[in-house]
Amino acid sequence: MSATIAREETPFRRFVSEFAASRLALLGLVVFVVIALLAIFASLIAPQNPYDLAQLDIMDGRLPPGSKSMVGYTYILGTDDQGRDMFSGMLYGLRISLAVGVGSALFAAVVGTSLGLLAAWLGGRADSAIMRLVDLQLSFPSILVALMILAMLGKGVMNVLLALVIVEWAYYARNVRATAMVERQREYIEAAECLALPRWRIMFRHLLPNCLPPLIVIATQQVARAIALEATLSFLGLGVPITEPSLGLLIANGYQYMLSGKYWISFYPGIALLVTIMSINLVGDQLRDVLNPRLQR
Amino acid sequence: MIAWSIRRLVQACFVVLAMTVIVFVGVHVIGNPVDILISPEADQAERARIISNLGLDQPLWRQYGYFLYDALHGDLGRSFVFNEPALKLIAQRMPATLELAVTAVLFAMFLGVPLGLYAGLKPDGFLGRAIMAGSILGFSLPSFWVGLMLIMVFAVQLGWLPSTGRGQTETLFGVPWSFLTVDGLRHMLMPAVNLALFNISLVLRLTRAGVRETLPMDFVKFARAKGLSPARVIFVHVLKNIMIPVVTVLGLELGSTIAFIAFAVVTESVFAWPGMGKLIIDSINVLDRPVIVAYLMMIVLLFVAINLVVDILYMLLDPRVRLERKS
Amino acid sequence: MTEPPIIELRGVSKRFGPTYDAAARLTRSIASRMGSPPRNETVRAVDTVSMTIQRGEVVGLVGESGCGKSTIGRMVAGIMPPSEGQILFKGRDIARLSGRDGKDAKLKVQMIFQDPYASLNPRLRVADIVGEAPLTHGLVSRANFDTWLDAQLHRAGLDPSFKRRYPHQFSGGQRQRIGIARALAVQPEFLVCDEAVAALDVSIQAQILNLFMDLRRDLDLTYLFISHDLGVVEHLSDRVLIMYLGRIVEEAPTEEVFSHANHPYTRALLAEVPRIDARKHRFTAITGEIPSPLNPPAGCHFHPRCPHAMPRCAVDAPAFREIAPDHHSACHLNEVPA
Amino acid sequence: MNATVEVRNLRTHFFTRAGVVKAVDDVSFSVSGGQVLGLVGESGSGKTVTGFSIIGLVDPPGRIAGGSIWYQGQDLAKLSEREMRSLRGNRIAMIFQDPMMTLNPVLRIDTQMIETVLAHARVSREEARRRSRDALGMVGIPSPDERLRAYPHQFSGGMRQRVAIAIALLHNPDLLIADEPTTALDVTIQAQILAEVQKLAVEHGTALIWITHDLSVIAGLADQIAVMYAGRIVEFGDATTVLDRPLHPYTHGLIGSVPSRNKRGERLRQIPGMTPNLLSLPAGCAFRMRCAHADVACEAEPPVEPRDGRDLRCCHPMDQAA
Amino acid sequence: MAMFGARVIWGTKMRPSFRMLSFVICLTLGRAHGQTLGIASSAPVTSIDPHYHTFAPNDSFGAHVYERLVTRNAAGDMIPALAVSWKVRDDRTWEFTLRDVKFHDGTPFTAEDVAYTLNRVPRVKNSPASFSIYTKAVTGTEIVDPHTILLHTAGPYPLLPNDLGNIFIIPHTLGPDPATEDFNSGKNAIGTGPYRFVSYNPGDRIEMERSDDYWGPKPYWKHVSYRIISNDASRTAALLAGDVGIIEFVPPTDLPALRKDSRVTLSEVVSNRSIYLWLDHAHDGPSPLVTGPNGEVLARNPLKDLRVRQALSLAINRQAIVDRVMENAAIPTGQYLRPGSYSYVPDLPPTPYQPDRAKALLAEAGFPKGLRVTINGPNDRYVNDAKIIQAVAQMWQRIGVRTTVEAMPWNTYVARAGKLEFSIFLLGWGVGSGEGLNPLRAQLATWNPARGLGTANRGRYSNPAVDALIDQAMGTMDDGAREKIIQKAMKLAMDDVPVIELHLQKNIWATRKGLEYEPRVDEATLAMGVRESK
């Protein structure tokens, strides 16, 4: 550790170089970025809009990969029971799954982090109130909560998102509070107090950034978890609308065809889900290692 | 310790209270169980009779009041569907879920810990990396898909194991258990593995992380400096330290497995396992409120109990906590 | 009437302990009724301490770990409030100051921390660490910021070209300089140095100590210098306070302490400090352990380890009295009629 | 007198991604029974790695890249792990800096002591327990029988360090390596530990390597002093000689910056600059960037030369410069 | 009449339960030879009490242990059971002659048991769906002798035998008000049926043992294990793995593969369960989920216009749905009943697929640019329910009706449908009675819950002419004359397109190779019907 290093080394740069030390994690990141791009530009890439019923024809239903459609193009990964091009369906489904996964993780992180920080900072009654709420949330099985919420609100991407946020925020809150409780004892926070900086400034500019590393790790896990949870909700008949299937719903639908040899209806979305979650986990794993101060590197 | 228990208990009471209110309102919002249960050919008089029979003609707050009154007298109500006390229904299903969850957690422990230990000791070796990659699979694969694959391979193709159901049971303490018979164990194997997959991955990762954090610690180096064999250093000095988080997590996982995490419901559905997960899903489907309420109350109590057990285990494992609490 | 002392502590105490909620209170009361009185969980880290520090002084505060010296430092620096007693800054109780006055009083007392790694926010650049508070409080304008900052860094012995860097890119000694620059940036009059050189390598320690002395001369600073290292304190301080388990046991000008230590604890400390000039000798040691602050011995806290302990030492806490001009000590031996 | 351990040209390097860190580079010294060697240096100077090299606990990516460590006619650097293990904790023992961290927090003291006895001696558990209890008594722990059943966290820091010392001394080692064992302790406790250790070294004829950054501690304890800087021993000799008449500018500066060596209230004599990064060491003398006497000659690595009763690695010794 | 009137099936997907091959087989991996039959049911039996809950799986199971006075054969025809014969004494009195048999506990079956049972049915405590709807026509009983009983009705009631075909007879020796729990425990589970009840493990299985005293043909299987496997794929897997001998409600998705699989035999029959879309007749003003082509609110409910209803029906390619979605596990239909049933209307064929005419009709009705509609449907109740509405939506897009699809679980769905929140929504109706008066009374008669008419008329269709014909049929005791009236009413109603009929489901069972099942119109899966194939 020397100040004689000429290049300006920001914590971010250092983090990047440490992250890149694992080729597997780098591969995971690349795959994830590709997947994310595919999802974002789904409407440009996909030969069909699988959510437009007018473009589907059940007479094209359950065609094996490589079949020609009635209007001329090739279903490279086959079609599902509604005649939906699997490839297009997967791209769009990926978009929904990722949106749900990333969106819920993000919102939950914002809500959970704010409450966790607040609890740690205020202490006393506010702390116990928030933490009891967290306990309450955590002592309910997450899928049950999601089920009840969706049963009450009805299906829909936004509702799934909301349900997942409600399910997940407590994880962030608990973790942020724990980290913040440790961090706020650190001398740099005392120094900031000594400098009579405003409390909100200490909280958000000093405390929060230093609570982020464990959060990032949790967030990657929660993204994967949310995607899987959404898939399970879809399997159970809640979740996203059937005409706009997510990856999970595609798998759940195709699952019925597993025994009949029409493997492609659930196999390809299954692979896509697997690769997505694996890439997120690979990235998360490496993040955990890089960001863990207790690991000697 | 006692203060902690009191706090937990009071807290549990609040959770139960909040939960029952939520369920009453939630079920009310979702729909009317009579719509689902009643024969569509029934006339108005019949309909009115059933509604009043089930007490659904009362305003919601009064229904809740009656429920509270009965609950305080130990009666959690009867299932609309089965006409049996809700508690009895749950008690009937509980052993099946309990033994499945415990088996799954045991799997997680006896596979996850050794694999995690290996991966932690050889983080850069091929096998170590392979184990980690495999554990990601455990996180990633949808369990309903894995369940069906297991059935396809081991029951349909190979014919080694029965495909679904609970198999023969043997009664112990007046409760039927399937782990007491060979047939029961054979039935349990696949659902337990299916259920354990996630937990194996979890435990494996925890163990690995623990090993990697513990190995550079001074006391490990000191143990080596004492001339101890590597086996003793790893299995006594390292393992005993990492068992603390592992046991904690396993305990909590056991709780949520029993209390119906996503996988338990799906597993029970795929393997036609007559456990509580199926019961609660079915009950939600028909809005069988007494069962839903009773089930959730059980779950909250179960969580409190498991937390208590985990805490005690924690104390047994970690002398620092133990002695602090004792005094 | 001369000006009031820059810092004065009047009967200051600090207690740490768990706060009991309803459930805990209930069990404690049940336990006590059942004949097992609940254990005391409250630590009296600082026990009725009074002291004054005049402008321009360097006061050394010496004691072993857990004696409460850091707690005093933090209370003086305004990081934690005292449980009892008053802390006066230039004659005004800082607890009663509010708004602008309170903030000013707070800024006038700054602190240098022990751990050069933990005391700097790892996610901020040096420029932000040093400049944030002055900018927030309007002590420097945005326009002049760059030149001002360069001067601040330069004063602390840092190369101003490093200002865009992050703390992890610096060595321990340089980090300590950053911490000093941060404290000085708000134009304090009083510095609390809490073991400020304990974590540094020997060669660096000397550099930082020199910096402290230079700054004192240049900026007319007053120091409360907290340390367990008698050598450092002896070198730097005008006056020394010795603490043992939350209480001040002896106070005297530095020369006096090192030549005529009165309290048995002070004498033991002085005897046991390793000295580079003492070649290959037999170490002899004061017996016993430092008692737990949860259960301090009754009477004089030091009596279980004191070679001169008398029966009354276990009962009465000795008064802190003047035994020579400017020399105070809390020991019953001093009361033995001559 | 025959040396208990003799280190010759030891090189322990760490092969990291960023490059090779020469933590220990061409280090030679020897210690004899009953003697105390003070290994002095600032953080990162390689003194701890030297200790670990002797006891064979250098972990990857580090390894002994050259040199030899002679103990009773065998080169420790060439022993198999199994052979080394039979010496470790038995003939050669080590204690660490942080007494809070050296004992396993979840194992009782007796477990941790008995396993050490049994690792090297074929005795019954009762005998092992008896020896453990005796060892505890020897290091001044009251009511050792009772204390055996306790857990580490029930001890204070000083007590824990005593337990660690007791464990290290269970087999009456020929060599004890102590890595800053009193740094984390209070002055009064440090004095107690120093007194115990001094007594034990004398009574058992154990050779002691005392690793520290604190010259004051060493001054009272050591027979010989080795001063390390950036992986190399720059000055090695009799304690009194080195402390009274330091020849290497670094040793000289180090002694000079101790406050009690200076007049009260005056500026301390200080060594300018910072301790170097071992990854980017300049060629030649590692100290030359901070040395007032450095010149072109220092750009070549100075050899170790005997001078005035010591081994010195410097082109411009203080007596010459002065 | 309705032996399987649209009963509520409970749980996920309306696929009945089946029985898994028994645990003995699982244990030994051997084959059962007339010893044990595993049946896999798709939905749980909620009670052993035969009068607790009108629920198809309960009846399917109940038929093993209990018997009715009158029952139905596989083809759905009424046949004698505990009643040897019955006749109409006068318009308000029926005479039943009873069979001389014994209950499982040895007590003889007499007229007293019939009276006792009819008396008990409306008194079952807490029943969420009482069988009293089938006994309320009986106003009095009169025991003539132990084997003859007279049943009185308030007025002419031709459907009495059909209604009684739902009531299982239990012995009067059970005493007043036997408790449901005592049935579940086995204490009261006493009938005259071919199997004796052994044990009930809720949600898992029911064990039964052959009754050797049974008066009818001796069942082939000595032991029956009636198991619950509600997951479709698992059910098929259980059959393929040999764990059960027969599964019911074979999922259509597995049909193509199973048809080719040499390990299994399929048996199928067209059922009386039709799947159709309700249209909103309740709102005269705007219908909740129908708007103009650009989303504008319409002043009048377009579904009130016959041309719009016809257009929507003509736009549906029923054969495509049957082929592609239902995997031929259904046939297109234009009415509630299967061909060949009593009161089936021959000149009411499935609506043809004529998209061009549909467009023309829409234009004629004033919607040349089409409409915007939402189809609602459950996603956990009928076979392929959610897929069907998607397919319909596709087809409607092609005539310019922009259709969105919203599927939801039955529990929310049924509540919202009840509140008339939908405009077009999918439902199914199984005519258990096997004749047309049942759907006419429940579905197409004007909504009048007080009279028990139109109780399932969820679209609030109302046609006075149809109502009059229903009343007329109800008073006609002669079967031939009544059939004519029913057919007339049905034709009149269906030409008015109150609902859009889509298809009739097939009931499909799959058995292990070497076994065969006589497929039943009424969906019941009976161990008595499973035989070794010749």
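A, B, C, D and E are the chain letters, set down in written order, and residue numbers restart from 1 in every chain.
The rule we apply is simple: a contact is a pair of C-beta atoms (placed from the backbone, for glycine too) under 8 Å apart; a residue touches a chain by one contact, two chains touch by 3 or more.
None of the values given here were measured: they were computed from a predicted structure.
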Chain whose Cα centroid lies at the greatest distance from that of chain D: E
Most extensive contact between chains (C-beta pair count): B-E
Approximate Å spacing (C-alpha centroids) for the pair chain B, chain E: 37
Euclidean distance of C-alpha centroids - chain A vs chain B, Å: 24
Centre distance in Å when chain C and chain E are each reduced to the mean of their C-alpha atoms: 86
Intercentroid distance (Cα basis), chain C paired with chain B, Å: 53
Touching two or more other chains - residue numbers and ranges from chain C: 21, 171, 174
Chain D, residues touching no fewer than two other chains: 274
Multi-chain contact sites of chain B, meaning residues that touch two or more partners: 30, 148, 152, 281, 284
Chain B-touching residues of chain E, taken from the complex the two chains share: 2, 5-8, 10-12, 20, 23, 26-27, 29, 44, 46-47, 49, 52-54, 125-130, 132-133, 180-181, 184, 201-205, 227-231, 233-235, 237-238, 240-243, 380, 409-412, 414-416, 418, 438, 442, 449-452, 455-456
In the complex with chain B, residue positions of chain A that touch it: 24, 132, 135-136, 139-144, 147-148, 151-152, 224, 228-229, 231-232, 235-236, 248, 251-252, 255, 258-259, 266, 270, 273-274, 277-278, 281-282, 285, 288, 292, 294-296
Complex interface listing, chain B residues touching chain E: 30-47, 49-50, 53-54, 78, 80-84, 89, 92-93, 96, 148, 151-152, 155-156, 159, 162-168, 176, 182-183, 186-187, 269-272, 274, 278-279, 281-282, 284-287
Partner chain A, residues of chain E touching it in the complex: 12, 232-233, 236-237, 240, 251, 253-258, 320-321, 324-325, 379-380, 386-387, 390-391, 393-394, 397-398, 403-409, 411-412
Residues of chain A defined as touching chain C within the complex: 1-3, 5, 8-11, 14, 124, 128, 186-188, 190-198, 201, 205-206, 209-210
